[in-house]
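What follows are several structures.
Next come two complexes, and both contain subunit A; in the first it sits with subunit B, in the second with subunit C.
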Partner chain A sequence: MSVKTLMINGQMVSASEDQTLLDVLRENGIELPTLCHLDGLTPIGACRLCLVELAGSNKLHPACMTRITEGMEVTTHSERLVKYRRMILELLFAERNHFCSICVINGQCDLQQMGYDVGMDHVRFEYQCPAVEVDASHERFIMDHNRCVLCTRCVRVCHEMEGAHTRDVMGRGGSSRIITDLNQLWGKSGSCTGCGKCVQVCPTGALFEKGRSAAEVVKQRDFLVYIKTAREKHLWIQ
Partner chain B sequence: MQQIVIDPVTRIEGHAKISIQLDDAGQVADCRFHVTEFRGFEKFCEGRSFREMPAITARICGICPVSHLLASAKTGDALLAVEIPEAAVRLRRIMHFGQLIQSHALSFFHLSSPDLLLGFDSDPNERNVMGLIAAHPELTRSGIRLRRFGQEVIQILGSRKIHSGWGVPGGVKTPLSAEGREAILGMIPEAMQIAIRTMDLYKHTLDRFHEEARFFGSFPSLFMGMVTPSGGLEHYDGKLRIIDATGALVADQLEPARYQDYIGEAVETWSYLKSPYYKPIGYPGGMYRVGPLARLNVATHCGTPLADAELAEFRQLGRPVVLSSFHYHYARLIEILFCLEKMTELLEHPDILDENVRAIARRNRFEAVGALEAPRGTLFHHYKVRDGGLVTWVNMVIATGQNNLPMNRAILQIARHYVKGDTLPEGMLNRVESGIRAFDPCLSCSTHAQGRIPLQIELYGADGRLCDRVERP
Partner chain C sequence: MDSIMGTETPGNANHRARPRIATLWLGGCAGCHMSFLDMDERLMDLAPRISLVYGPLVDRKEFPDQVDVVLVEGAVANEDNLHHLQEARKKSRLLVAFGDCAVTGNVTSMRNTQSSAGVVMDRSFVENASLHPGVPRSGGILPRLLDRVIPVHQAVPVDLFLPGCPPSADLIFYLISELLEGRSPDLSDKLKYG
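Let's turn to the complex of A and B:
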């Protein structure tokens, strides 16, 4: 594997060519917020929080989807990027109904933490306050669409890890919804194995175990890399 | 016809105004207490899981969040249909006592003491907690420390002073640590000393308030409160007792879950606060009072030595029933003593550090009621849920609502006695407000301490002419 050299925020860095820019940034201690990205799942560049500037390009590029190239010049925290990241988070908060104080994942939520990280002390956009349903039909889990940011981690983990493909996305724009099978109640799903992986990877309180009250949910995500590595190296077959 | 409007009423918890109607002769014809804020919790809780309800409903109030938290958790217990671990019951009681102490201390020291110790007619610029600290530094500081004690108890148990989500359906989230127990026990002697000293001071000043005691809402009414099986004072889990103004039992050992059988809720167009009444008598004749005064009136005893001694003395104020709402203040001080004594008792229980504090169960019922005695009186939470535990209907009967009819009656009595003609001495209007403060109404999660809120009162003649105007800086 060949090694590439690139400039990140004026500092020269070397990395392996098969790495994404996000991997390289994190290796070098540069943190970028991410919501749709999760180690172990295929990146999709949906949340746009990890956007960076590349010299010679007018576009902004999602670090999670960008392969490094020789001589690449990267800026991660320009004034424009910081402004956009905060704006994206504000739009996410304004789109549905996020009330951290009474949420099951208060204190452990990725979305909430990112709000703190970017200094989001208020939302400048009008709250949409949509009437959104809560699906509590499953015996063990609840899907609260009020708190969903459409990151599709649940869709990907169900397809890529569990192989059930119970979840998908329906609709477009603000009316998009994560659905179960062909848009039926979760409790009625014929394909769901009840493994709970979707619950663990969800970055917010949209998916959680029944019986939890406010601030009681802690997500366990280490299993993802473990399963993926074991599968790729055929550890179970040996 | 002339109208005087006091808007907003200061040094109460929430937003309200008072309107006084004068007839053509300048005499008070009517007086009303309007709650002008709208919250809507009963509506927007629909669709949420009942397990989230304790944390959501705790947000109703910043002063008494624990009362809602625990009433909601009790409703959740009933939906699960479980008996929660005994240690959880004891811990909930301790937190509830912490809540009662801090809320009563706030009402007595921060909100009402400026009137009681500085005088109803004192300079309104000084008649607040800052003025109080200048005139009575030691007493005011000790009041603040007593409130702090209550808040510390809540924090030790529930990790935070305000809006803890510690109470959950089935019990509580975390047990009490040995260090936490020692910390609370270590603070109790000072809190007890403050409570006793304040009680002595208050009893010595009581002679000055003969007139207020006569006119600050002294009238016959029913009284309702929770009691133990033997009729003792109870705040967390008991049956309800209702007595009349002669002390006669109207109803006893009523099941709180069946509150709709005996409590009706009337709605008036001039207030967002409902007006509950005792159904068998009807509206508005079935007016009843709740809260510290009502609890001491309905209870046969407290069950702790210091509180029982004080209760015996308190009973001398009116036999067989203390009718004046002014004595809510006195009743609060007795309850603080009771809470401290009971808290010590509970903390010394051998199983108080038991780690089994939560019963695990699924929803087993579709409808349930949870009730307890909040600082201001009986509080009911009533939920209906559907499959999956999502709430479809909520009704909450709040203590302050149950005192709505008596509060209106009290300010009418005060206005009739003190308001005359078409001029408005500031101290006179302060007495009308104080009539409300005696009930310590909790109208929202916001507080208005210090009397710094601009208060405007305008008096209009029948022809719309402005007769007089008072403005509080």
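Let's turn to the complex of A and C:
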């Protein structure tokens, strides 16, 4: 594997060429907020929180989707980036209905944590307050669209890890929704195996197990990397 | 940010009057005020350093002039809320959005998924009433609901945001102490929603 050298915030850093920029940043202790990214799932660059500046390009680039190249010059915390990250978070909070005080995942929520990380003390955009549904038809799980940020982690884990592809995205813009099968109730889905992987990877209180009170909701995410590594290294096949 | 240390008292240039603090209770559950009381013995520490001039804990009808800091609990849900808030803004130097309902609308704003105040009133007083269904209409008794509940900063300019449902007593004490010291409280590493 060949080694590339790049400049990150003025510091020389070397990394192996198969890494994404996000991997390299994290390896070097530079933290960026991320919501759609999860180790073990294919990156899609949906949330735009990990945007960085690359010298020679006037576009912003999602670090999770960017392959490193020799001589790349990266800026991670310019005034513009810091401003945009906070705006993105504010937009996410304004888009659906987030009432942390009564949310099942209050205190364990990735979205909340990102808000703290960027110092979001209030939202400057008008709250959209859409009337969206809660699907409690599944025997063990609940999907609350009020808290969904459309990161599609659930869609990807269901397709890539469970192989069920029960979940998908329907509609566009503000009317986008995560659906089960052909937009039917989760409890009526013929493809869902009930594995619960989607629940575990969801960064917010949009997917949760029934019968758990707020303090008990803790999501397990490590299994993903475990399964992926085992699959890639053929650990199950003798 | 301005220091909130009190203004000079006329006739005694060396003596500074205590900062005049007010609290305002709009569309919220009073939990933020309870958290204020939860400062417990630290209230004794604050008592000689401030003048609490208005709020649910003070026997006074009108919002006074020349308030240094007002802590506003609750979202703006009806015409009375809006009027009191505007009044408080005019008469206060520093306005703090105090707690999640003030900062985000929080639970008070859950009715915003309904299209208008009329729908909400019907839902509460007609559809779900088993005895004497009917929206109360006697003028002047109930303040009119706004069609949309809004956070405080969408109605008036806000100087400081203190989220939390409620903000902890420690956080409230920190905020007031910093202001009393003439510093601008830095909440960026102390944020907590819910």
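Here is the rule we go by: the second predicted complex is superposed on the first by the 237 of 238 C-alpha atoms of A that agree within 3 Å, B and C clash if a C-alpha of one lies under 4 Å from a C-alpha of the other, contacts with A are read in each partner's own complex, and residues count from 1 in each chain.
Assume a residue touches a chain if its C-beta (ideal position, glycine included) is under 8 Å from a C-beta of that chain, and two chains touch if they have at least 3 such contacts.
Bear in mind the structure is a predicted one, so any value in this text is a computation, not a measurement.
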Pick one for A:20: touches subunit B only (first), subunit C only (second), both, or neither.
neither
Thinking of the overlay built on chain A, is A:166 touched by subunit B (first), by subunit C (second), by both, or by neither?
neither
In the superposed arrangement, does A:127 touch subunit B (first), subunit C (second), both or neither?
second
After lining up the shared chain so the two structures overlap, which partner does A:102 touch, if you call subunit B first and subunit C second: first, second, both or neither?
both
With both complexes overlaid on chain A, does A:66 touch subunit B (first), subunit C (second), both or neither?
neither
Looking at A:34 after the superposition, I want to know if it touches subunit B, subunit C, both of them or none. Which is it: first, second, both, neither?
neither
Taking the superposition on A as described, I'd like to know which of subunit B and subunit C A:142 touches: first, second, both or neither.
first
Tell me the contact category for A:213 with respect to subunit B and subunit C: first, second, both or neither.
first
Winner by number of subunit A residues touched, once subunit B and subunit C are compared
C
Residues of subunit A contacting subunit B in one complex and subunit C in the other
101-102
Listed in rising order, subunit C residues that touch subunit A in their complex are 97, 100, 103-107, 109-110, 112-114, 148, 151, 153-154, 158, 161-163, 165, 187-188, 191-194
In the complex, subunit B touches subunit A at residues 47-49, 51-52, 54-56, 59, 163, 165, 168-169, 173, 360, 362, 387-390
In the complex, go through subunit A and note every residue touching subunit C.
93, 97-103, 106-107, 112, 115-116, 119-124, 126-127, 129-132
List the residues on subunit A that touch subunit B in their complex, please.
101-102, 104, 133-137, 142, 187, 210-216
